[in-house]
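Going in written order, the chains are labelled A, B, C and D, and every chain counts its residues from 1.
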């Protein structure tokens, strides 16, 4: 069987669900998963389906065309069709902290995270030994004020060369260029070590400590041009008290960062996230 | 518009989703909500839909018949159809603890819990003043070894007289009779003051204290013939430590009981829960 | 036995603990609880003790004098001595939302919250019936731009007349005057319906909804001159998703507000909170 | 400075705190941390202190003798004195699952877990490469019904030879012998992949799945002769729903196991845990 995942987003109107399910049925598809959501404030409709077709006669390319003509245009949809069995190609950007990198590679290793990882890009050479131990190509692209433009061009070149589908910033400490954000809109996932919108920017653990909060968090989000303001995919928290030093905040925070980032990567990989109005709809 | 909620459960097979959506479309209905789940271990299919029809021409009775003939029998479904705008009639059973009763009545009062409460039944007279202050009929039916049978008959009689749809045991301390469980299968919601299956039965806070757990919980479930073993609807926990006495466990536990029970009642009221194989599917 | 609670705060130095415990021993006191904390960033020492003395010979007034002379001045301490068995007098300020008020009064009623409540002050008449049903004096003091000064004077007068020890703002929607904050420094507890420092000010649930957070929270803190920026006593969170509307945020948030506020009130009542550098040390 | 940690446990009585603090003061020690707890049900007193002494004149051996004579015997105490700056020697027992092993070794590597790890013992050869990459001696000791006794003798011999202070069972799947439990009473830490006392024994995720719980957990505890019934050190939970398969339970559970076990190891390493009546007192 050929299995595909369909994501749909458009203005809400009557008959969308029936039209889509009917269309798939007429194309001899069997729907194995369907979920939808209507945002009644924005009047936006979201739907996610998984379907299977007989492999002998199915062509994803042909199906996409017919879908576009019959359904997509009719409801003026934003839509995506994915081969459910193909693993997306994910690039990792990392700086000097290794905890998120190790966590991702370990889950990739055990096939818990179902992606291909064609390359790792870093602005430092420090973590190359980790990439080597997992047999993944490592590219050290230093970034300074003067070389910022060339660095970005090199990054884009490598990403295209390796047919990268999406990017994870695993505690990558450089600002991402607008060009890259544009090419990979809603496809760059960052982990910020605070519970956004609290403590954006640098040294959030220090700020959290000074504010005397009783809870710290981590947030995974898609990167937009506004730092730490992109659509939130997943967040989680842990409790702290006066007995914890900033070092304790950092250590507890690292465990949070790993788990929140890995949850976001899994959701994106399984095509369970849709973005609209700077927010996400996350299907279960 | 006439709005209805449909719950479907049957053996999984090809074409269920398309058949159902197509059927509704042909009946001139508009689907506003659809979600489904397949349990691949048991091979069971679950679906929940909300649809709207033109009020002028729609008859729930007629629709039920056609649905049964065309869809229900075809897939050998267990199915339910509800008028989305009708409030279910809920009876409250209570003994001497008032915290859950107050919490329920307070949410009912503000219309957060969208039910009708035709009566409150208790085996003690203590809480009658609360029922009075909310203008709800209160029936004190004492239960002793000798009078158990009559008490149950009287309960059933009152429930039928008031057309009760479901029952909440708000810390009701008597065992429910098999007869009542049978009549109200998957329609009696209990709150047990532990995180099941840990500490079933009496005095769970005392047992939790003795075991030295670091977490206590509360569980809301449908009542079956086996005490505390029915399908779980909702659970939640709170952390405890050596600094907490049994009295502290009880106080913290009460806050949990109120919130876990109210979540379960809301889910049941909105027809978001389905039962199969002693477990629940809870739609969001 | 006469039981007292001692709270100490000063610059850290050698020998504080031994000096204090020795002093109490020499005064024929028995220490039943001791806990301390050193903030190594600020170099600040905090300690909380509970002691008992023979009631026949003990005078709290005399003990305070000796303590001040022998210990307090030696280490330049900020210190508090309380009669452990005396219930503090708490005033409630409320506007039109009743959920926190009901929750507080219900816990006070069952003696879970061990305070006296001499009065309730409100800027609206709406909730007077609740105060009446608990037999508590209710004072409606309207506040407008023109009458702000008189309103505050009247509030202060009533608070002094009733010997109020601390104040809880149970969703009181007026800004507290600097004068009141000064008189009741670290003795006015507010509940803010967000996870501070995220979403301070008005309509935090609306802001949280627009930001698309996956977690909302509530924060209890001491009121300072800077709105929502005072020392945090307690916080907690609950998860939300795209399936929740602003109305759902508000309903879930109310349950959080009640529990977070009640925890903070219990901690303050039991003299378990100390304030330093705009943060709290919360003893367990 | 020489820093020591003192743990005390005895029947509660008047004057313990003053006696101990006075004694330390007289020995020219400075108390930098003190916390205590009284279990009023069992009438048991617990205290933890950290003190510093001038290194030139301090002898831990001598101090232990004096402490025993002056304080220990007076109150019939169970007591422990530790050199705060010495790292305990921890042995790891592992079978074939690597996730807890990797997590421990990674935290050890970054010095987050402040222990020495002289050896790893396993009943399988599979994970030897991991031990090698961290330069830790690996001993494969197979265990069958016939060789059980010799295997245990060999384990004990190796543990003694390496002066092991405590043992972590990082998903070690063999039952620990009574002899080993006796030698290392309250010094063998296990991670059980359920929220005890729910689902003890084998395949807890399968049992949790069948029960239809909405929450799964992990528990770290000291090993006693009764399987999964020893004193609980730490527990934590994560939410599950009908959308999760057993495989999902296992994956989510693994993240929990790692974090719960690491928290327990850190608490034990820092000498923050005391055991009494099959429960733990965990100081913060």
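Operating definition for what follows: a contact is a pair of C-beta atoms (placed from the backbone, for glycine too) under 8 Å apart; a residue touches a chain by one contact, two chains touch by 3 or more.
Predicted, not measured: the structure shown is a model, and the values here were computed from it.
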Chain pair with the higher count of C-beta pairs in contact (A-C, C-D): A-C
Numbering shared by both copies at the subunit D-subunit B contact, with half separating same from different: same
From subunit B, the most remote chain by mean C-alpha position: D
Cα-centroid distance, subunit A relative to subunit D, in whole angstrom: 38
Interchain centroid distance [CA atoms averaged], subunit A/subunit C, Å: 42
Subunit C-subunit D separation of Cα centroids, rounded to whole Å: 37
Multi-chain contact residues (two or more partners), subunit D: 241, 243, 284
Subunit A-touching residues of subunit B, taken from the complex the two chains share: 14-15, 17-18, 21-22, 24-25, 30-36, 38, 284
Of subunit C, residues touching subunit A in the complex: 37, 39-41, 195-199, 210-215, 217, 231-237, 241-243, 245-246, 277-282
Subunit A-touching residues of subunit D, taken from the complex the two chains share: 99, 102, 106, 112, 241, 243, 251, 255, 259, 284
